[in-house]
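Each chain gets a letter, A, B, C and D, in the order it is written, and its residues are counted from 1.
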Amino acid sequence: MFITETQIRVRYAETDQMNVVYYGNYAQYFEVARAESIRNLGFTYKQMEAAGVMMPVVEMQTKFLRPAHYDDLLTIKTILRELPEDHRILFEHEVYNQEKKLLTLGKVILYFVKIGSFEKTRMPESLRTLLQRFFPLKS
Amino acid sequence: MFITETQIRVRYAETDQMNVVYYGNYAQYFEVARAESIRNLGFTYKQMEAAGVMMPVVEMQTKFLRPAHYDDLLTIKTILRELPEDHRILFEHEVYNQEKKLLTLGKVILYFVKIGSFEKTRMPESLRTLLQRFFPLKS
Amino acid sequence: MFITETQIRVRYAETDQMNVVYYGNYAQYFEVARAESIRNLGFTYKQMEAAGVMMPVVEMQTKFLRPAHYDDLLTIKTILRELPEDHRILFEHEVYNQEKKLLTLGKVILYFVKIGSFEKTRMPESLRTLLQRFFPLKS
Amino acid sequence: MFITETQIRVRYAETDQMNVVYYGNYAQYFEVARAESIRNLGFTYKQMEAAGVMMPVVEMQTKFLRPAHYDDLLTIKTILRELPEDHRILFEHEVYNQEKKLLTLGKVILYFVKIGSFEKTRMPESLRTLLQRFFPLKS
């Protein structure tokens, strides 16, 4: 299992007139958290695209338990439970505020596809190698 | 069952460097489609808030089947299958492009809550009355 | 002079906790207004990009006179006072609400550049031809 | 003169199909930079709103010199040249990328107004006191 944590400060732009973070903005928070998760490994999503592979989102589930507010310092936990065996990868996200309250739960499924053709492919070997040590071999 | 259709033109701002609509923007499309759905009944979400009731989103599921592109004229179908009996309402959304291809599927659950206290409440009677004719009495 | 009008309904996502449209969202409104302005001529910005020319914004000025609110039906007036002679084009925008109050003034300067090289170029001839009749010859 | 620097990592959501940061997103970057500028003083914009004063933007000027790209680590310099004497405050912003190239210039004028009435007011004394030491007395 590979778990990372990223902090995001809520911007004024991200609130709406309900005085909370607009529900559509969590997708951005999840994106940032995924990008920082990979950066922690010493790889970047930018490098992946430069190498011809991109990761469109194909499915997202979100549960909004409590609202986030302007200027909250959110902690986004990103969890990769399984090392993907094919073109599909599932990230889970948990959003906490500075009082350690759980605000939001997210599940995001992405595909590895080739830039240009949109053809399904696998996780780049360089990233797989970096992730391997978090997933001890099953016997 | 209450079904409406709304059209949205994809803005340049809504695309990302994958040359498609960023996945986080569909939440906005669903919001617009819900608002227009209610407006079709002769009621507005703005009126609901003015009457002291607001509708935070508590759950969202989205499946991204095909990408939307800049300047696409999307049709968002909004489906209300059941008249809510309590504080909870479920809208389903289907996004089609101008070639009638199904791009995206969404399910959004919202609560009716009182502004200020965030206390759960029921759909305002004036809206329920307008919706009733789409939901013949079960016997 | 070439003047067009476009209507935009304010989305909930576009408000912030000040209960008004977030100031950063007017850039999107101006973008939509420019795109619709060109569409009125029988040409689209999408076609321009397909023909290898794109239009990055190089300068923007905005004055916020009165706030816009959720669900307001805005009218964006787009004014092209001069037919560009080189790579530079200036659009002026005026945003009105449904009570015909002037809310916002904008000036946006864009360049015509070649996709790929970012090299400055001129307005495509096909668009110039369509615009010509709004700009009688000076003598 | 009061100068601060804030870093912002470009999100994927903030790019558009031109492969650069959408021009409308700089307003958010400026907002974050202003908020962090004030936080550096030991005060927050959130506290200001809690004390009944808010700061709507009334004017913005932006020059886009070079594009920002996905994953760029931007440095936003925020400059307050004069301590405001009335309801009006002017911030200047300079956006640099990780190669220290100047990308964008911004000027943003905001008003201090009372929440609720939108009546013009002055900068809260607590903030003025914190700023004073950066502005030696003229004689």
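Things worth noting here:
Note that in this section a contact is a pair of C-beta atoms (placed from the backbone, for glycine too) under 8 Å apart; a residue touches a chain by one contact, two chains touch by 3 or more.
This is a predicted model, so every value here is computed, not measured.
With respect to chain B, maximal separation of chain centres occurs for D (centres as means of Cα atoms). In this structure, the chain pairs B-C and B-D differ in their number of contacting C-beta pairs, and the larger number is found at B-C.
Here the spacing of chain B and chain D, counted between their Cα centres, is 35 Å. Separating the CA-averaged centres of chain A and chain B is a span of 25 Å. Between the Cα centres of chain B and chain C there is a gap of 29 Å.
Shared interface positions of chain A, defined as residues touching 2 or more other chains, are 12-13, 22, 24, 27-28, 31, 70.
Viewed as a network of touching protein chains, the structure reduces to a complete graph with every chain in contact with every other. Residue ranges of chain C in contact with chain D, taken from their complex: 18, 20, 22-28, 31, 54, 56-65, 67. The residues of chain C lying in touch with chain B in their complex are 9, 11-13, 27-28, 31-32, 35, 44-46, 70-71. On chain D, the positions that touch chain B within their shared complex are 12-13, 15-17, 19, 22, 24, 70.
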